[in-house]
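Sharing a structure here in structure tokens format.
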Amino acid sequence: MFKFAAEKFEIDPLKKSLEDDRAGAVVCFEGIVRNRNEGKAVVTLEYEAYETLGQTEAENILDEAHTRFGILDALCVHRVGELKVGEMAVFVAVTSAHRHEAYLASRYIIDEIKTRLPIWKKETYEGGSSDWVNCQHLSSASACEASHGSK
Amino acid sequence: MFKFAAEKFEIDPLKKSLEDDRAGAVVCFEGIVRNRNEGKAVVTLEYEAYETLGQTEAENILDEAHTRFGILDALCVHRVGELKVGEMAVFVAVTSAHRHEAYLASRYIIDEIKTRLPIWKKETYEGGSSDWVNCQHLSSASACEASHGSK
Amino acid sequence: MEIAENRDAEKVNVTVTVRYFAILKDQRGLTSEKVSTEAATLSALYNDLAAAHGFSLKQNQLRVALNDKFVDWQEPLAEGAQVVFIPPVAGG
Amino acid sequence: MEIAENRDAEKVNVTVTVRYFAILKDQRGLTSEKVSTEAATLSALYNDLAAAHGFSLKQNQLRVALNDKFVDWQEPLAEGAQVVFIPPVAGG
């Protein structure tokens, strides 16, 4: 299960939906808005997503995690809109019989989400300047540098 | 922070105690009592711990995780006493600036907890038989086999 | 296929919807627009739009989606298609 | 040190507390007991107790703690010490 969330969400009902007597391990990842990014003080952060394609791509990633690691279940929720420091931007939960697969699948899912989902974030810094953060693409590091206006 | 818990515990207050504006990643592990272990239907499970030594050893493990992985904080709670299928036996939470360290530290902590803490579990199976599960020691695999009465 | 049917001379004119996200949205000042184009491929369309609006991203920094699917830049354009140029992503 | 002071012939007799956990607790039928012993080391003490009570675990399957610290099997025993033989663990 993947979804975009326009508002803060609770993780307990999400975890409850994964309950399974066969589960021996639950690994949860929470990605949180930090107060600094690359040396700058972050005040707010805005996520914008191309949701139709993002939904399909995220479901592909979860399916891949199932197939590769033999887990019991997995879900991911990604926030869109404006977030403050300390708010959760992304949540990933994985259940499996043993912990090894759950760790591997959890890491796989968040790594792929960050690389493949059409989501962009705009950070607003102390002083009011802002910047689209976009160094996670398949393009070369130098291309990434070039795409960063303020660096 | 490590503690043994004789009763069910809530994880939200534990996670709240780790909140930190510098945290970009929270990785949580929950070890759950499964309904089967090595082909046998488990009904209940009893954890017994040598708590004084366990406390010291667990604090050592958390300190090691800090030092090795440069995380922000970590905690672990381990149940003792009788647990039913589906109940949480162990909880590990780690916060760090970036996710990589949080995953590594989380995995390190649970692996070391399982190997080094003086905790034992007795599984009671359908039909009423029970067995001390004890194949996680530094001793050789064959010694482990020998220590399992029912295998 | 449709391109072949609609061909009247050498160039075919189709109207597609282009949606913009993130830095492209800022640089275009729009979230979406209808574009009437003679470009035969997505690659050609991006080059035309980048030249017209001064987009800072090079094509090799982008991926492209046609009708909500990732596709190759050489994919031809069809009447009514939805095109999204995808800047470097930064989820999570 | 105390051993040296208390020595009366060749063997020294000390009283220690032994706590039992898990399978050892079941096999001994006790959670702890005071043991008066002439064993000079933890290793010797385990061998004596295993012989007396038929413990199924071999010494090389166990670890040992003295006064709540993991120690070497060759550690000497002192009057009043607390000894725990640690069966293979299975936490988590």
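Order as written gives the chain letters A, B, C and D; numbering starts at 1 within each chain.
Here, a residue touches a chain if its C-beta (ideal position, glycine included) is under 8 Å from a C-beta of that chain, and two chains touch if they have at least 3 such contacts.
Computed from a prediction, not measured in an experiment: that's the story for all the values here.
Asker: Determine the set of chains touching subunit B that also touch subunit C.
Answerer: Both subunit B and subunit C are touched by A, going by the contact rule given at the top.
Asker: Roughly how far is subunit B from subunit D, centre to centre by C-alpha average, rounded to an integer in Å?
Answerer: 27
Asker: Could you grab the centroid distance between subunit C and subunit D? Build each centroid from C-alpha atoms only and quote it in angstrom.
Answerer: The mean C-alpha positions of subunit C and subunit D differ by 78 Å.
Asker: Using the average of all C-alpha atoms in each chain as its centre, how far is it in Å between subunit A and subunit D?
Answerer: 52
Asker: Indicate the residues of subunit A shared as contacts by at least two other chains.
Answerer: Counting only residues that touch two or more other chains, subunit A contributes 31, 110.
Asker: Tell me, which pairs of chains are in touch?
Answerer: Here the touching chain pairs work out to A-B, A-C, B-D.
Asker: In their shared complex, at which residues does subunit A touch subunit C?
Answerer: My answer: residues 31, 47-50, 52-53, 56-57, 78, 89-90, 110, 113-122, 132-139, 143-144, 146-147, 149.
Asker: Can you list the subunit D residues touching subunit B in their complex?
Answerer: For this pair, the touching residues of subunit D are 19, 21-23, 25-26, 56-58, 60-61, 63, 65, 68-70, 84, 86-92.
Asker: Mind listing the subunit B positions that touch subunit A in their complex?
Answerer: Contacts found on subunit B: 19, 21-36, 85-86, 97, 99, 102-103, 106-107, 110.
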